[in-house]
Structures are given as structure tokens and as C-alpha cells.
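Quick one: structure below, then a few questions.
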Amino acid sequence: MKNVVVTDPPRADPAIAGALGEHGVSTVHEAQGRTGYLGPQFRPAWSGARVGGTAVTVLCWPGDNLMIHVAVEQCRDGDILVVATNSPSSDGLFGELFATSLRQRGVRGVVLGCGVRDVAELRDLGFPAWSTAVSAQGTVKATAGAINVPITLGGQVIRPGDVIVADDDGVVRVARREAEGVLAAAARRTHKEALSREAFAAGELGLDRYQLRDRLAALGIEYVSYQKYAQAEHDEP
Amino acid sequence: MKNVVVTDPPRADPAIAGALGEHGVSTVHEAQGRTGYLGPQFRPAWSGARVGGTAVTVLCWPGDNLMIHVAVEQCRDGDILVVATNSPSSDGLFGELFATSLRQRGVRGVVLGCGVRDVAELRDLGFPAWSTAVSAQGTVKATAGAINVPITLGGQVIRPGDVIVADDDGVVRVARREAEGVLAAAARRTHKEALSREAFAAGELGLDRYQLRDRLAALGIEYVSYQKYAQAEHDEP
Amino acid sequence: MKNVVVTDPPRADPAIAGALGEHGVSTVHEAQGRTGYLGPQFRPAWSGARVGGTAVTVLCWPGDNLMIHVAVEQCRDGDILVVATNSPSSDGLFGELFATSLRQRGVRGVVLGCGVRDVAELRDLGFPAWSTAVSAQGTVKATAGAINVPITLGGQVIRPGDVIVADDDGVVRVARREAEGVLAAAARRTHKEALSREAFAAGELGLDRYQLRDRLAALGIEYVSYQKYAQAEHDEP
Amino acid sequence: MKNVVVTDPPRADPAIAGALGEHGVSTVHEAQGRTGYLGPQFRPAWSGARVGGTAVTVLCWPGDNLMIHVAVEQCRDGDILVVATNSPSSDGLFGELFATSLRQRGVRGVVLGCGVRDVAELRDLGFPAWSTAVSAQGTVKATAGAINVPITLGGQVIRPGDVIVADDDGVVRVARREAEGVLAAAARRTHKEALSREAFAAGELGLDRYQLRDRLAALGIEYVSYQKYAQAEHDEP
Amino acid sequence: MKNVVVTDPPRADPAIAGALGEHGVSTVHEAQGRTGYLGPQFRPAWSGARVGGTAVTVLCWPGDNLMIHVAVEQCRDGDILVVATNSPSSDGLFGELFATSLRQRGVRGVVLGCGVRDVAELRDLGFPAWSTAVSAQGTVKATAGAINVPITLGGQVIRPGDVIVADDDGVVRVARREAEGVLAAAARRTHKEALSREAFAAGELGLDRYQLRDRLAALGIEYVSYQKYAQAEHDEP
Amino acid sequence: MKNVVVTDPPRADPAIAGALGEHGVSTVHEAQGRTGYLGPQFRPAWSGARVGGTAVTVLCWPGDNLMIHVAVEQCRDGDILVVATNSPSSDGLFGELFATSLRQRGVRGVVLGCGVRDVAELRDLGFPAWSTAVSAQGTVKATAGAINVPITLGGQVIRPGDVIVADDDGVVRVARREAEGVLAAAARRTHKEALSREAFAAGELGLDRYQLRDRLAALGIEYVSYQKYAQAEHDEP
């Protein structure tokens, strides 16, 4: 771990990041070819938020939030703070005072590969947070780390300036240079889903809409009545 | 895994399934002799729902929701879709579009031994879902599975037509042929609990109401004052 | 495990316990030198509660809630029931009927190192519960245990009469004899945090407020522009 | 849970069970269409054993091994004892004394959906055990259960008399009535694998042996040189 | 966490500690009334060791092994080093160089509520280690902790000078003042088990040896032939 | 996920990779500044192996090993196959037949972020494997993936041609271009550790060797006799 603070990395356009946020995690994940999702272990501290912003990345030592203090100064309007620890930790590296500081700078939320605390206060503030744990466990400020270097969270590489989208489904990353293209694909997908929603609400089946019936036969899937099946598969205790 | 779609299995009476749903998971679980509970890993995607319905069972390949498309067509009014994967997976096999389709058919909810997505949309729709994960991770439609065969989830065998009851405590299964008897037992238990609730609210103790005091003595449980205990058990650092 | 019910242990002052509750888990944890937190596995059954009270401790056999019935009689106004099992278990040892009984006695909440059930009913009652699982799994009343002996939960020793504080961040314990001192420290910390909150809302940075800039240099942390960094660290696929 | 001891269930032929054991878990799992595997959480207490036998099933209360004492009497030559608990538990329900008793009766091993203890002694005895935990935690003998009823472990239903095969890869179940057919299929598979092993050792590729090259094209998989790929996908920090 | 090094705590007699080690974890755990076991998450780095010694306790910050360096000086012949971290961590705080140092001082082993590394070297050295993880993740030496204060591991309080027994079944603690009494109880139990082993090897059943048959009837356990059971419980698919 | 097979990526020098393997995981991890470790969830299928080689990377769909067949052809002497799945899976994607094929090509081992099977056969073959699970669960060959693209495992980005070192402590990655420098640093560290080992074996303390005593004072760590401590910290039950 090189102890470096990289300043002023290029960011994706914050308006594009915000627009991706409105499409939501599942749609954006699909729109970029089912990539970029940080996995089910990232959960919102409180439910109902949906945001998109540009990543400021932080690499901390477990149980040590010194580098988050350093990171605050590097944040600006439209950013989302993204924090990894150097090894697994559930400690609460982030709470309400950081949120107050970040909100003052226009930051839209925080994603932590460790713990968050002050959950009630964050909900009251309306400051969104996603994390792999909720923990009051306090931290020290003793060990160096890095800001705005590539980090990995949930199997995804996050570079500074990448777009982060988060909602009740979790967190997805969009590479900075692909943000515009993914937004266009997300818009197409949202439109297509609206049509499908209408069709499904009217009773059309996915089997027909996605033309899956032929595939069933090709895969050797057979339809059999319960009576016939029950005779063949008679269970015993 | 046999690739079969079993059609029109007999279902428990949907009215009985609904009535069991009103009693709730813990009461139904107790009413059938503390059996049928799928365990603490099944959690609601959003809290506050309570349903009872008849199972349509689905067996999918992990990361593949083809068979859910097949299952929709087999669902009818009063059903609950119940999905297992052939091996452990947290991927989000089910989301809002499926919910739209199922709601149109009168389906009351979904239970998944894998991930669910579109949590915010499901909450807005009021379509209840229980699962072992929330995950935006998308899926393919490439591999065969089975519909309306017995599946196991959380150590419980679920057969098509069984009753599924789910609420904030999780999910319980009632065998189709036992549904009527369990409903009667649940009603008796609910009545008995109402009396107990009243007694406890008035200050009666469980020790007396359930006549447990004799058992304590038989088990060798002794009462001792703090002073006496503190003298005997003086700790040291 | 000695099968003993220790009666009338000295308790911390319930007014002090209540006042600690108002400061909340993270503040109290910090105020006593970052000690006493039970860890991220203890979660509220429903969110939004914040309580402080005095511990009545219970040691149960897994899957057996006999001793909770015994404990109810030992509880009084201002207490919080704290339950450990002798080995790991997720079973639902506590539900709505116990809550009714405890509320009648003035008990402020329950903390369980196992499962809780009747989550919807507890939320409706407004009776707060923290646990390591939600589970409808029912229990027997067959095996002895102990009341008001020291127990450990989440790596913390809890003695009868200790203060328990719990909110959406989890659960923290304050030793009985230290409660008054910790309350004073928590008040100082709350005051100090209020000043910091104001400063951060006005744009002051933690780096300056906590005088961390010198430490960064001492730790060898370097600031480098993105352009320079990008030239040095050119990635390759 | 009905408190019943079912006596003398029909068993699969112990010679067939033993022969299946020689084929091993992965081969038998494949031979019966990739079904019956109890999952990765079942691990051997000591490595190197490989057995096949007929199931005597036991359902215990967590933390209570009374029913294993009952089960011993129901075991006979060629059996494997298979133990589930009514809810999740890691306690050590089985140890060296039980192994001594079972070995005297010709039992070939034990599979536990909970903990095992006396690992060193079991290894010295050469008595094979698979379990979901190693735990010295002792148990009581207070609560009823059942013998030779269907149980589920790792998502598989195990009926008395079914074949259990276990080795360093875990545990697989073969339904009693299918044992003979699965043995034939396993023998065919073992033979086929021997031919493949020889071919692979001689340098043939799976792509050719299993004729997968056409599938790659159909799936849109492209081959590209590193130089071309590196130009297109230039990473940045 | 008070930053204190407590010097020269009284220890249990090392000969008694060694003798307890020979009885092994499961026997000692039973001999002291099924208490003191640290749980199934503590596993040996290599299998086959069995030790007993007196605890030197260490409390470290996660990811920081400074205090282990301090602890080495406090260790003497017959000790076992016991390390907890202030919050959950899997980092490898202990490896071969520490083992070399400790062995030179007559230390019998190490127990860590975090990670261990250099597993191959520890096995070659014959230095036993139990831990909750194996991890090469390196650590810093930046944050204070404590030596020879009470710590908790796996729900057990360990005080300096307590006896630690560890083998392939895990780790158990015996309170210093109870060590002599527990050794006597363990000897009685080992003797009793030898008799039981002989009886079981000769075919006696636990049901008879422990006089459990009456209990079965009292618990309502019924014996039923498979034929009768199969008729009553006819399964269906 | 782009469906691409990148051919002939540049590799680190296989001799350097092999030499790094001899230094082992913990030493290499430290030598590159405590980076690159894949974490404690990667465990050897059998213990005692230690290897270093160059990565051929594979990205598979969960439950689908088609791309491993494709990867075999891309492997050559000195390589280590490194497999990630697109979402969490424990299925056994790799077994003995693949090992036979890879060994024929001079491949030194395999690392899987999912399951491995045929553990006994791999041990007999002496083919080393590290994985996050052991599972017999079989797979299909239906879905596309990628070869020799960057993948992430355990929070580390692995590019084709990077060096992989693995032993009983787990797995560490060294970037291709840094391999030579890290080898030199590892050699220096191994030499330094040999001197330390000798010093520790002779009784020198780490406190002195690493000059830590001043730091203790600076951190406010106090030494206190047990008698004094016991008076101050008198516990109570």
C-alpha cells in the first residue's frame, strides 16, 4: 500500500452520474452487460435512498479512519465517498460527523467495505450510506493509507472518478469513460422494461414475450400432468 | 434433476391458506408441533407483509431464471411461488417484472432460496418477497430445471400445493393434506395466546400460568441471594 | 453451568441508565474508552428504538426458554433482559407474550444472543428487542440454566445490574460501578460533538479541527497530482 | 416432530452401497444426474476415508443426543448413522464412545448436520465422520426426537435405507430404490473417466474430446491476441 | 481498553495444566460441568497436537501485533499465549518468528481470536497454534493494548494464569483456582469412559448402560414397525 | 462480461515465479509492502504444497465450467490456472480430469474462487489446488465467459501473466512487472528473518531487536504488578 493522496482525478460528469442513479442499481448493472455489481453483502444503513455520484476512493487500515479525514478535503459536489480497508474489518469507520462534513461539500453518499455507525442520525439527516456492517466500534487515527487510488470492493475495481450507483438493491460501479454509453443503454432498458411491465400487467407471459418456448423443447423440458407424475414418482417414507 | 413441468397439482384450499396466513408464521409453526420453519436465513425484502398461499415450486440452475418464466404460466390465484436453486447462489433471480406478471395472475408472494432484486419497486408494488439474499446480480436463461416437483428450502421439503405462510418472522410450510387440521390448531392456539396475553398484561407470571415452579426444583435450580452468591463466587482479575 | 437464580442483585441507578440510553450506543462506547460494544451481529428487531436500562442476565440451554420464564419474576422497573445461550443457537427464545409480561413489569427491552420472534407484534407493541437472529423456531422448557450470573455476549462480560444501552447501532454495556462516570464522560462527548457538528456544517475540516496534518507528514503520506500519478502507475489489462 | 422410532426399514443392498462407496462422491453425484449432494458445509473429521452404507436416520433436538443412544440399537452391519437436528446447532452430539458402540455393530461411519468431537480419537480408531462443525460442546439427554423418519440435510431428503456415500469431497445420497441403477451408471462413468484420463494425460484437449469448439462460436466467444486486446482496453489508474 | 502490562500474575500449577492437557478438551469440558469451551470457530493450524498450559493474555488492536512483542517477555515455561483483538479481525498476527521466541521460553502453544500464518513452518517446528483464521495478512506495530488482563474469546472469560487445554476438538479454559478440582474430575471421567468403552466394545448399549429406556417412555417416544409407519405416512410427490 | 479469449499474454519469467514460490506466501506478501494477499477464505485442498507460477485467468458463470475447458488450451509450462466466477458460487468447477490435462501441459496448480472436487485424487496426484470451497456439485457447459482478462479474487486484481504464489497460508499475487523487484525484496526479507530466527532462538526479544520499548512509553503503556492491579480492579460477580 503506497501512502499517497492523489488530487483532482478526472470525474465522470456529475449530471450523468445523477441520471444513472435515477435508473437504479439493477437497471444499470444490466445495461452494462451484467457487470459492476458489488454483491449482496453491501446493504443500505437505512432503506429508500437511491443515488448516483462520482467516486472518491479511500484505502484505510482496519480499525483506523485517519484517511477518511484526509479524503473529506478531496471531495466535492457530486461525489460519493468509497472506502475499503486493507483487510477484513467490521469496525464503524464512518458516522454522523463525517456525514455532516461531507454534506456540506455536496457529497451524495458513502459506500464502505466495513462498518458504519450513527445509523439513526444518518437516517434523520437523509445522508445515504451502504456498508458491509453496522457497528459502533470506534477507531484510531494511527496508520497511513491512500486516497484516489484504485480499490476493490466486492470483487469490483473502483477507480477515482468512476460512477457509483446505489439503492436498496446494493451498489454498482460504472467505469468513468463508459458512463455516457451506459446511461444511454440504461435509458433504452428502462424504456423496454416499461413496455414489458405494461405487457405483463396485461397478462402476456415472459415465455411468449421473450420467445422461450422453443428453448424449452431444445433443453428437453417435458410437460407432464400431476396424475402421471404422481404415479411414476411415488414417494415412500 | 429431471427436467419436467408438472401441471395442475392439487392445491390446498386457498381460503384455508389465506386464513393460515392471518395467524402468522410463529403461531402456525407451533400449531403443527414446531415443524415446517425454513429458518432464520429467509428474510422479507420489505417488512410488514403477512401472507398465506399455495406453493408452486421451481427448481432453477444457479444464476439462471429460465424456469421462473416457465413457472409463471403454471401459477394461478392464491398461489405463492417458491424457488430453489440446484446449488448455493445469491444471484437476483426475481424482480419487479416477474412481480407484475404474478400479481396479474393473483399470486400472493414469492419465496426464494437465492437473491431478489428491485426491492424498492417490490415495496412500492406491495408484492411480498422472502429470500436468502438481496442481489442485483443478473442471470441467464440457459439451463433447464423443474416445476412442481418437491424441493427443499431451509431443511423443509415443499411439495406443490402445500401451504406457505410468511411474515416478518420468516417462512413456514404446511403440508397440503394437513392444512385444515393445522388451521384448527392455529385457531385454538391464537385463542389460548389471547387469554395468556391478557393474563400477562394483568401481571400473572408464566411460572404460574404454565405451572413451571415444580419443574425448577426437579431440575435442581436453586434460588440464592446476591449477597450469598457474591461471597461464594468472588471474581478476581 | 451452575443452576442458580441470584435474587436482587444491586443495579445501577435506573435514571442514570436511562440518561445513558439517550446518549446512544456509539457515544457511550466512545465515552468509556471504546469498550463494551457487543459487536455488529446484534441487530434491532425493528428500527428506531433507543433505550438504557439495568441488566437482568439469563443463561439458557439452546432451544430452551425455561429460564426466561424464571427471569421474568426477577425483573423490575428499569431493567433490560439479557439472554445468552450455552452454545450457539438461532432459535426464537423470545416473543410477544414475554414482551407483554415484561412491559407490565416496567422492563425497557430485551437483548438476545440467539433468535427473537413475533417481530411484527413487537414493533406494534413498541417493545424493543436486539438479537443475533430472527427466527420463529419454537423451543422446549426442559433444561436448567441460571439467572443473574455473569454472562458473555459478543465478547463482553455482562453482570447483573450493569447498564445496557441499545439503539440502531447495536448494544453496549457499561459496568454498574462505572455508570455515573461514563454518563459524565458521555455528556462531555455529546457536547463536544455538538460543537464539531456545527464546525463541520460550517465547512471546517477534521484535518484542521483534530490537527492531523502534521501526522500525515510524519506517516510519510504524500500528495501527488492525478497527472503525475497516472504517468507513474500506468495499468495494463 | 413426531416422537417415533421406526424399526427395521428396508435397506439398500449393503454390497451395492459399498460398491457405490468405492466410486466416490463426485462420481456417484454425476452418475445420478448431478443430484443428491449435501453441499460443501459437510466436511470429514479426518481426511482420507471413503465409505458407502445404508442410512439409519436420526432427528435430535439441538444440544441433545438422547436419540443417538436410541439409534445405536437400530443400527446393523453396513449402516451409516445420519443425524439431523431440529434447528441449527454446532454442538458436539457424537464422539468416540458412540463410535466404539457403532463399530461393534458393523456401522461404517456417521454423518451429522451438527458438531462432532473426539476428532483425534476417531482418526485413531479409523471411524469416519462427516459433520458441519467440530465442537467439544457437550449435550443433555432430555428431549425426544425420531429414528428412521425422512430427514433433510444440506437440502437433500434422506430416507432410512437410502445409500450414503462419503469421502473427502463430502456426502451424497442415493435413493434406496435407485441404488442398483446408479451403481451401473457410476461404473460406466468410472470407465469413461478412465479413458478420458488417459487421453488427457496424452495431451488431448477437453475442447476436442467433448466437441466444444462449435459451442464457443455459437456463444459468441472471440479469440483475440493480447496486443490487440491491450490496445483496446487500456486501463488507467 | 486500559493500556497496561500486568506482570507476574499467579499461574495454575504447570504440572496440573499439563495433566489436564493429557485428558483433552472434550473430557475437561465435561469434567467441569460442560463449561469453558471456546466454540467450533477455534481450529488447529495443524492437526494432532494436544497441550495444556497457563494463560498469558494479550489484547491487541486489529491488524496490529505490537502487544504480542510485549507479551513474549511476560511468558515463561509452561505458558500458553492467548490473544484477543479489540474487534473482529482475521489478520495473521502470529507466525514462525514469534513461535521461535516463545519456544525458547518454554511456551507450549498459542491461541488466537484472529489469524495465524506460517502454518507449514509451525507444523515443521511442532509449535501448536489454534486460531479463528489462517491468514498471511501482515500487521503494523502502532497501537497500544494490554497484557494479562481478563479477555473474552468465544464467549469465555480468560484470566491470566487460567489453564488452557487445546487439541483437535478446539480449546477449553479452566479457571486457575478450579484447576486441581477439575483435574480430579477429569481423571474420574477418563476412568469411567474407559469402562464404558470396554462395555460398548463388548456390545452393551448406551440405552442400558445409562438407563435411558424409562425416559423414552416418559417422553412419549413410540416404537413402530416400518410397515405400519409406511401405511400411515404415505408420501406423495 | 465480454466473451473473449485473449491469447499469449506476456508472462512473468517462470524462473522468477518459481523462486518467489520458494519464499512462500507470507514472505512475498510482506516483501511487496503487505499487498496482494487473497485473504483467509482461500484454503488448500490438501496441505503441504508450495508453488509459484504465472497466471492464466478465467472468468466463468457460476455452476458452469465451459471456460475452464477453453483455458486449458491457453496454458503452458509454468502457469497457474486462476478461476473466478461472475457471482458467488461454491460449485465444484474443477477436478481430477482437469488436473491431469493441466499437469500434462506443465501447469503448477490451480486457484479457484469457487469449489474444487476430487480432493483425494488431487492429493494422490500431487496437483496443488486452492479454493474457497470443497464441493462435489457438478456443473454445466452452457454459458460464455472470458480468458486472460483481469479478474478479481479476494479483493485482488489478477492480470494474465502475474505471478501467483500459494502455500498453506493461502494465495498472494505479484504484478508481472514487479516480479523481479519483489523477488529481490523477498530474498532480503528471508535473509533478515533467518538472522532474527537465530536471535530469537538464542533468547533475544522482539522488543529489543525491533527497538519497540520507547514506543511503548510513547503510547502510554504502563507496567503494573499483579498485586497492584488486582487491588484496583476487583471484579464482582
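Of note:
Read from first to last, the chains carry the letters A, B, C, D, E and F; within each, the first residue is number 1.
Keep this in mind: contacts are C-beta pairs under 8 Å (C-beta built on N, C-alpha and C of every residue); 3 or more make two chains touch, one makes a residue touch a chain.
Everything numeric here is computed off the predicted structure, so don't read it as measured data.
Note on connectivity: the fewest chain-to-chain touch steps from chain A to chain E number 1. Interface residue usage between chain D and chain E, two copies of one sequence, is largely distinct: under half of the residue numbers at the contact are used by both copies. The interface with the greater number of C-beta contacts, when B-F is set against C-E, is B-F.
To find the repeat of A-E among B-F, D-F or A-F, check which pair has over half of the same contact pairs by residue number; it is B-F.
With chains reduced to the mean position of their C-alpha atoms, the one farthest from chain A is E. Between the CA-based centres of chain A and chain C the separation comes to 28 Å, rounded to the whole angstrom. Chain C and chain D have Cα centroids separated by 40 Å. In chain E, the positions touching at least two other chains are 6, 34, 37, 39-40, 86-88, 90, 135, 137, 143, 149-150, 229, 233, 235-237.
Contact residues of chain D toward chain F in the complex are 24-26, 29-30, 34, 37, 39-40, 43, 47-48, 50, 167-170, 172, 193, 196-197, 200-203, 205-207, 210, 212, 215-216, 219-226, 229, 233, 235.
Chain F makes touch with chain B in their complex at residues 61-64, 86-91, 135, 137, 140, 142-143, 229-230, 233-237.
The touching residues of chain D, counted against chain B in their complex, run 1-2, 33-35, 37, 39-40, 84, 86-88, 150, 152-153, 155-157. Residues 3-10, 46, 66, 69-70, 72-73, 90, 92, 95-98, 100-101, 103-105, 115, 117-120, 123, 133-138, 141, 143-144, 148-150, 160 of chain C are the ones that touch chain B when the two sit in their complex.
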